[in-house]
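Chains here go by letter, A, B, C and D, matching the order in which they are written, and residues are numbered from 1 within each.
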Amino acid sequence: MNTSLINYTLHLADTALVMGHRNSEWCGHGPVLEQDIAISNIALDFIGQARNFYQYAASLSGNGATEDTLAYLRDVQDFKNLLITEIPNGDWAQTTLRQFLVSSYQYYLYQQLQYSTDEQLAAIAAKSLKEVTYHVRWSSEWVIRLGDGTEESHQRLLKAVDEIWNFTGEMFVPAAYEQELNTNKTGVDVLAIQPLWLHKVQEVFAEATISIPAKSFIQQGGKTGIHTEYLGYILAEMQFLQRAYPGAEW
Amino acid sequence: MNTSLINYTLHLADTALVMGHRNSEWCGHGPVLEQDIAISNIALDFIGQARNFYQYAASLSGNGATEDTLAYLRDVQDFKNLLITEIPNGDWAQTTLRQFLVSSYQYYLYQQLQYSTDEQLAAIAAKSLKEVTYHVRWSSEWVIRLGDGTEESHQRLLKAVDEIWNFTGEMFVPAAYEQELNTNKTGVDVLAIQPLWLHKVQEVFAEATISIPAKSFIQQGGKTGIHTEYLGYILAEMQFLQRAYPGAEW
Amino acid sequence: MEKDMEQMFQERIDKEIRIEPKDWMPEKYRQTLIRQISQHAHSEIIGMLPEGNWITRAPNLRRKAILLAKVQDEAGHGLYLYSAAETLGISRDEMYEQLHSGKAKYSSIFNYPTLSWADMGAIGWLVDGAAIMNQVPLCRTSYGPYARAMVRVCKEESFHQRQGFEILLTLSRGTEAQRRMAQDAINRWWWPSIMMFGPKDDESPNTIQSMKWKIKRFTNDELRQKFVDICAEQIKILNLTIPDPDLKWNETTGHYDFGPINWDEFWQVIAGNGPCNKQRLDARKKAWEDGAWVREAASAHARKRAERLAQKRA
Amino acid sequence: MEKDMEQMFQERIDKEIRIEPKDWMPEKYRQTLIRQISQHAHSEIIGMLPEGNWITRAPNLRRKAILLAKVQDEAGHGLYLYSAAETLGISRDEMYEQLHSGKAKYSSIFNYPTLSWADMGAIGWLVDGAAIMNQVPLCRTSYGPYARAMVRVCKEESFHQRQGFEILLTLSRGTEAQRRMAQDAINRWWWPSIMMFGPKDDESPNTIQSMKWKIKRFTNDELRQKFVDICAEQIKILNLTIPDPDLKWNETTGHYDFGPINWDEFWQVIAGNGPCNKQRLDARKKAWEDGAWVREAASAHARKRAERLAQKRA
């Protein structure tokens, strides 16, 4: 059993699931009906990606694991998602900015991952790339719109950058399992995609008339199970039925 | 096994527990340090009352029930708390107003219940009455202070009345189990305490320079397990550990 | 002249010729349609909330995806319907304004809370089921844009209804707790669903005119009976009970008899005194108000872009 | 003259005579105490947040009551300490202002997240344990109001510490998942607790003056060593591990040796870059700002009452 491969696949799955969870919280509460649909659609894409990765992780794990045991029966310390996915949605600026930062990262990540020596990972990445391309476009348009919109929206976007930026560094600090998979070209060298990501962010920020923070600090831990205090609440809510009615089929 | 007595005891326990839960959410976030302590203290009193009632209900139920299986392993449809306890805290006006409305009700309820033919219920009521007397005083002082404070606090109190009032009627609509226990003087005739409660509320509202709403409607269902959408979230959070780690001791 | 127009209009209706936005129409026809279509649109939007309440708590990933897609579909229905109403000369913002002020109504059913996962099944089976019953005839309604919107809506709704029934079926074949959950949901949703067809025919004053205009094609009671007949059969598959002791097959009428409806509850909920009326409307108003700065920013940005483009061209 | 006063002041200190609010004291003594006492008070208030995070999720009713009472005790400690600081001529509002603006510090340990129930145990055992180690000597500190506040604080803290240890003990004797939870909590809280004693003596410039004034009675390193020695023994009862491969009994010194401390992390967290610095401060600022109208209303009402009373008397 390849523990690193399982961990890596779970890391990708958890990141997608928690992101989908947060986005789905907007459903029915968006600022414009068309955008309510858009953000729900993105949530759906993320849940779909999560399912693909979980199914693969389950097949690697054996032991009766399924996509649902992995999503619903692990506690905080076993989740490996990026911290940035679990912070609260905040306002529309914070949500769309996070979407942009995460989707741009995923874009370069999946671009590489589609050439993984692991066929399953490659296939999921290739399949997801079209969705992610749309997510990047949609979210970058919002970042630009809000940054170059009204004074209020500009201020709100700046506040969002202030809230979120420290959580982006974690994307590019490889966990041990990432480093291991890197050597045999199963995973992606996140350090190598950082400049691409940064370039894209700078480009969009420039159009949005905002800057990348001069000083920053890397909030990390998610990849190895050390999370923010928010994740516990997410899981308590998400996992309630599976926990309260063990073994039931739905 | 006296089902009505168990249901009634659970109704009293659940009301206390959910109220304690909501109040405990203020801990660390109160508007003044002294008041943070006060509301946490009230939360503690409620959790204490809940434990007494649950322990009694557990002894009546047998079957290995404990205070914790009753609090942590029942789902929404088995909870029998008043709906008013589960609505969100809102601001300090809504929280203190709810406290006043619930505590005044409990005051007259426990006053009667201490003469119950059921010794356990009588003892718990008698023991709780001193706490409740303080809760009534504390919360009525806040209602008066906010009603007769600034224009803003007055408006916020009015808004709180508007949010909460419809949930008070349920206190005085007896459930089947209440009616049954009434006949043998085990329970309390809630219809009989309604005028006392109303008189108290009118008195405090008058000092707070506000009025009881002319029109009102009775939101009910809690006593028989039909709740608001809020309770599911409360239980998902509260019960997480017991559900996630079944059978563990803490 | 106006009289002649009205006569010609009615003749077109009678010949089943669709009325289109640019056609002449009686003011009352227009107003009735605006009221009905916007009410329907609002119902879709408000209807997102009770089901949206379970997206984050869906019991497995497959159900989560299905539910999220379903609620998103409802937003889509709202969109089609608002567009159809706009062809009658009212803006979406005006319609929202009417919703938020309480002037416009929406289906009362959405003022009931969703208290367990089984409610997702009951809403699909009963609420969507009743909605389809009401809506299928509207695919042939006299106003073109409305009829075309309804075709799309109905196609998706019947899909949703099957999904709902399947949720209940799974629960009904599950554990004791799941069966109880399913029965409890049916108990709570049955009567409100029955009320979705509106008041009894003799208390539904607008029905005659609406039927003449072919905005409506069956009476409330006709549709209600049809719905009861279908559900009374389907419940057997679930091996659960419809909470009506008077529900009984009537050989003579060839229909199921059913017990008296609590119309007092119906009118109370319409009047705003349902369990969730305030909560639902507050949620929508909050979404709208919280979104104001976003909409302003989007317009401001669009303006800026247009100006820049104009400057470039100049 | 000033010089004489300072000399007399120091003589009183040396004779272990308590300094009281009305006594003359050097400005720097006053400032040092304000800084230290308010920092301590802020730590109690901020310290409510990480533990408060588990009140609604405590695993049983008994633990819930104990935890809630504990967090409430911390609010009480804050209260005593703010009062003690107020005797030095600073108001509680001024101290809050310093906290919210970032001018005043609080114990860095509270900038770490509480991620499992076991953290309630680890905080009690390690964080309260370290706090007591720091605080017990302060019961004999030279400034009277501070010393008296500390007596009350210490009594409750040692109670909390025992409760925390008992949480870990229960977990350590529980299921595999619980043992893992406990070990994980100790892994995360050990090093931050060790850092609670502050920088090494040779990098702690204020220590000498503070010890001379008997505000401080032991150096950081002395207290840290004492703490490590105790924990290294107690961990055996838990049958768990302290996450320090270098931890080893040293026959020669009669103490436990321990590994190098990551001072970079310490300074980062102090500088605001801990996992929860922003979250903690934001929560406190929000509570304060949201409470503004409440405090105003309370004052307005008090004023009105006073006026009415005055009118009655007139």
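One rule holds for everything that comes next: contacts are C-beta pairs under 8 Å (C-beta built on N, C-alpha and C of every residue); 3 or more make two chains touch, one makes a residue touch a chain.
Chains and their UniProt names: A, B = Ring-1,2-phenylacetyl-CoA epoxidase subunit PaaC; C, D = Ring-1,2-phenylacetyl-CoA epoxidase subunit PaaA.
Predicted model, so just to flag it, every value in this text is computed and none were measured.
Engineer: Enumerate, in label order, the chains that touch chain A and chain C alike.
Structural biologist: A chain counts here if it touches both chain A and chain C, which gives B.
Engineer: Report which interface contains more C-beta contacts, comparing B-D against B-C.
Structural biologist: Between the chain pairs B-D and B-C, B-D carries more contacts.
Engineer: How many angstrom lie between the CA centroids of chain A and chain D, rounded to a whole number?
Structural biologist: About 37 Å, centre to centre.
Engineer: Can you compute the centre-to-centre distance for chain A and chain B, using the mean CA position of each chain? Integer Å is fine.
Structural biologist: That gives a centre separation of 41 Å.
Engineer: Of all the residues in chain A, which ones touch at least 2 other chains?
Structural biologist: Within chain A, the residues that touch at least two other chains are 75, 232, 236-237, 240.
Engineer: Going through chain C residue by residue, note those that touch at least 2 other chains and give them in order.
Structural biologist: 57, 177
Engineer: Can you tell me, using the touch rule above, whether these chains form a line, ring, star, complete graph or other shape?
Structural biologist: Shape of the chain contacts: other, as it matches none of the listed patterns.
Engineer: Show me, using the given definition of touch, all chain pairs that touch one another.
Structural biologist: Listed by label, chains in contact pair as A-B, A-C, A-D, B-C, B-D.
Engineer: If you look only at chain B, which of its residues touch chain A in the complex?
Structural biologist: 75, 232-233, 235-237, 239-240, 243-244, 246
Engineer: Within their complex, state which residues of chain D touch chain A.
Structural biologist: Touching chain A from chain D are residues 50, 53, 57, 113-116, 177, 180-181, 184, 188, 268, 273, 275-276, 278-279.
Engineer: Where on chain D is chain B touching in the complex?
Structural biologist: Within the complex, chain D touches chain B at residues 45, 48-49, 52, 55-65, 68-69, 71-72, 75-76, 78-79, 82, 92, 117, 167, 170-171, 174-175, 177-178, 283, 286-287, 290-298, 300-301, 304.
Engineer: For a test of understanding, state which residues of chain B touch chain D in their complex under the given definition.
Structural biologist: 17, 21, 24-25, 27-37, 40-41, 43-44, 47-48, 50-51, 54, 67-68, 71-72, 91-92, 144-146, 148-150, 152-153, 156, 237-238, 240-242, 245, 247-250
Engineer: Okay, in this complex, where on chain A does chain D touch?
Structural biologist: That would be residues 75-77, 163, 166, 217, 219, 221, 226-229, 231-232, 236 of chain A.
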